[in-house]
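As structure tokens, here come the structures.
One chain, subunit A, links the two complexes that follow: it is found with subunit B in the first and with subunit C in the second.
Let's look at the complex of A and B:
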């Protein structure tokens, strides 16, 4: 079963490695959002503390960019009835859902590997970051798991709709909002790094983790009702 | 058929009257009988949007007698959406889908009423129309999800698919309801009053109007739900009659043509 899962995941990654459509469009979109941030922050005063808002800006960037990738989750499967073949193949449908989820998770991680340093390079070079900023990895990973989990389920719903792209945003953003709030507060804690905020860091990560657990369980229970031809 | 419709209409009318009477009783008692409440709901004076919220006799607390029953009704309507959605996914009965859809429509009415009354209170008590406070935020998200439910339904063409997708989303969205309900208890920064505490000890002059309002709102939502369901059922029947008529008409047209050719 695990080899079948790996084969499915390999198929998705290989398709992406050859076409590079998802990652390239996500990356360009992220660059555009960063440019917009540049304009939005261009008129701020000298004593403006960018650290206060940087965690929120970073997560806004991640949520918007994830929508681009999630929308393309099933874009390859439309060709030549690939989705039908995938669902007829002799393995459990849960593997299709899990492999898509993992692929989306990997795309998000790859994107952040490029975008988070870019964010630092553009906006945070002059500010003094706290030492704990390395811990940012934890909320980023927790956020990616939740976005990929709920997003994959919703993407399989919206791919059959009349207005797929915008519908995914309408459904996804309210659903992941608790996760977003937890991730923003956890990230703010490590970026600003004051002692009182650090207390909230573990609690926010705990909330994000329990959100991930509940939503992944719910998505896993419900995927079979949406993954049908 | 005609008598059945009439009697059910009479029943609906009676229940509507009871519900409205209970709500009116709630409002009357809240303003003329229930005592003013000392504003001791915050553990310490807090500055909210530049205003000190101090202990005082809170006339604005009167909102509690209507706002809370309406908000609870919206939660209960969404609970039924989730229940009927789960039942639909298990049994695949189109009637369950219809029920879940109607429950969400009722929930929308109550969610909007809660939002409207809550915003007025927020302006008066906290000095600002909107504060990004945990309870308000989670309830706002709930509003967006209820709206998204309808957007989803409008955007799927195939009827079976629409029903199962909406059921899946209805269940996922319901997960936010307990979060919104308990958030005033688990998040320490929440400044929204916590109700339903074991230590609150409402006096009977406060409890009676509240319970009257609660029963009134639940009856009202039940009646609205019943009306919506019967409307949808008749709509469904009308569609079937239309289709039947059309096929019959085509058949007759064909026969006529055959006769005409001869």
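Let's look at the complex of A and C:
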């Protein structure tokens, strides 16, 4: 079973390494959003404290950019009917979910490695980087797991629909709302850095972790029914 | 005791209000070859997708190789192969990578040897490391056929496998089919009545989802079959 999972994951990563369809479109979209943020925030009053909204802005960027990538989850399977070949192969179809989840998670991490430092550079220069800033990695990773997991499940459902792109957005945002709130709260605690907010950091991360555990287990269990005719 | 590759009773497939396959009974003994013919839209591919367990019938029962096609589909998949109009391959992978991926998914022993053998037989060895998006349509089809034969299926479902094949590809497919064990059943969709008659033990003709001919080729002369085929296609064309 593990060999089959590795074969599927290797295939997904190899396909992306060659086509670069997911990462390039996510990166271009993220840079455009950063540009729009720059234009929008350039007109704010002098006493406007960007730290108060930066966590929300960062997560809006991540969620919208992730939709671009998630919509392409099955693009290679659709090119020449390779999804049929996967459906006809004798293995647990939940492995497709796990491999696609891992691939989407890796794509999100790679994107954030570029985009989060840019976000800091453009909008958070007033905030001093400290050892505590490293803690931002935790809500980012927890958010990525949840978005990749729920997003992969929903992408599998919507890929057969002609309006799959918009359908995925309509379904994903409400479903990840609790995760989004927890991650925004935990990220704000790190970015603003007040002792009061830091008390809520672990609680928010705990909520995000619980969300991920429940949603991933449910998605894994449901996947066989989602993919099979 | 006779074993059956396919047993379908009152098989119906509806897409909305339209019936693609209507109340079809079909029984094929293991090791026999069946050719399905009919005009475009007659329901051939819908029937084939149901036989491949890729679509559920709207009603009726379907048993493949003695197993319920939907309740026991996991047990069946190891024994079925389906070749369709699409190559069902990853275009950004090479022939070797595609076959290695599916060899792992089918848990094939001595996979590399089997892959070498099939690439040799399909005359694709020399381009095995090239991405298949650079292949011609005929080469993709030959590779799709190699993938279908990879796990030595007991039931081979071929939906117009000759479409897009050049004479070399046709010869490759015919040679692979000729090498199959006697126990392997083949269901072929074709638009060539003469080739179908020569190939198959059983002939099924569909018209608007309904069976208009279902006979053993031994009980029907070639001339009679061709007449009935032309009549069915001609009638349907006029009806349209």
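Note that the second predicted complex is superposed on the first by the 223 of 229 C-alpha atoms of A that agree within 3 Å, B and C clash if a C-alpha of one lies under 4 Å from a C-alpha of the other, contacts with A are read in each partner's own complex, and residues count from 1 in each chain.
Here is the rule we go by: a contact is a pair of C-beta atoms (placed from the backbone, for glycine too) under 8 Å apart; a residue touches a chain by one contact, two chains touch by 3 or more.
Model, not experiment: these values are computed from the prediction.
The superposed arrangement places subunit B and subunit C next to each other on subunit A without a clash.
In the superposed model, A:80 lies in contact with subunit C only, and not with subunit B. Once the two complexes are overlaid on the shared chain, A:18 sits against subunit C while remaining clear of subunit B.
In the superposed pair of complexes, A:214 makes contact with subunit B only, with no contact to subunit C.
By the touch criterion defined above, A:7 lies against subunit C but remains apart from subunit B after alignment on the C-alpha atoms of chain A. Here the smallest spacing between CA atoms of subunit B and those of subunit C, following superposition, is 7 Å.
The residues of subunit C lying in touch with subunit A in their complex are 52-56, 73-74, 77-78, 80-82, 84, 86-93, 97, 100-102, 104-107, 131, 140, 147. Within the complex, the subunit B residues that touch subunit A are 89, 137-138, 141, 144-145, 147-148, 151-152, 155-158, 161, 164-165, 167-169, 171-173, 175-176, 179. By the touch criterion given at the top, residues 150, 153-154, 157, 160-163, 167, 170-171, 173-175, 177-178, 181, 214-215, 218-219, 222, 225-226 of subunit A touch subunit B in their complex.
Subunit A makes touch with subunit C in their complex at residues 3-4, 7-8, 11, 14-15, 18-19, 76, 79-82, 84-91, 228-229.
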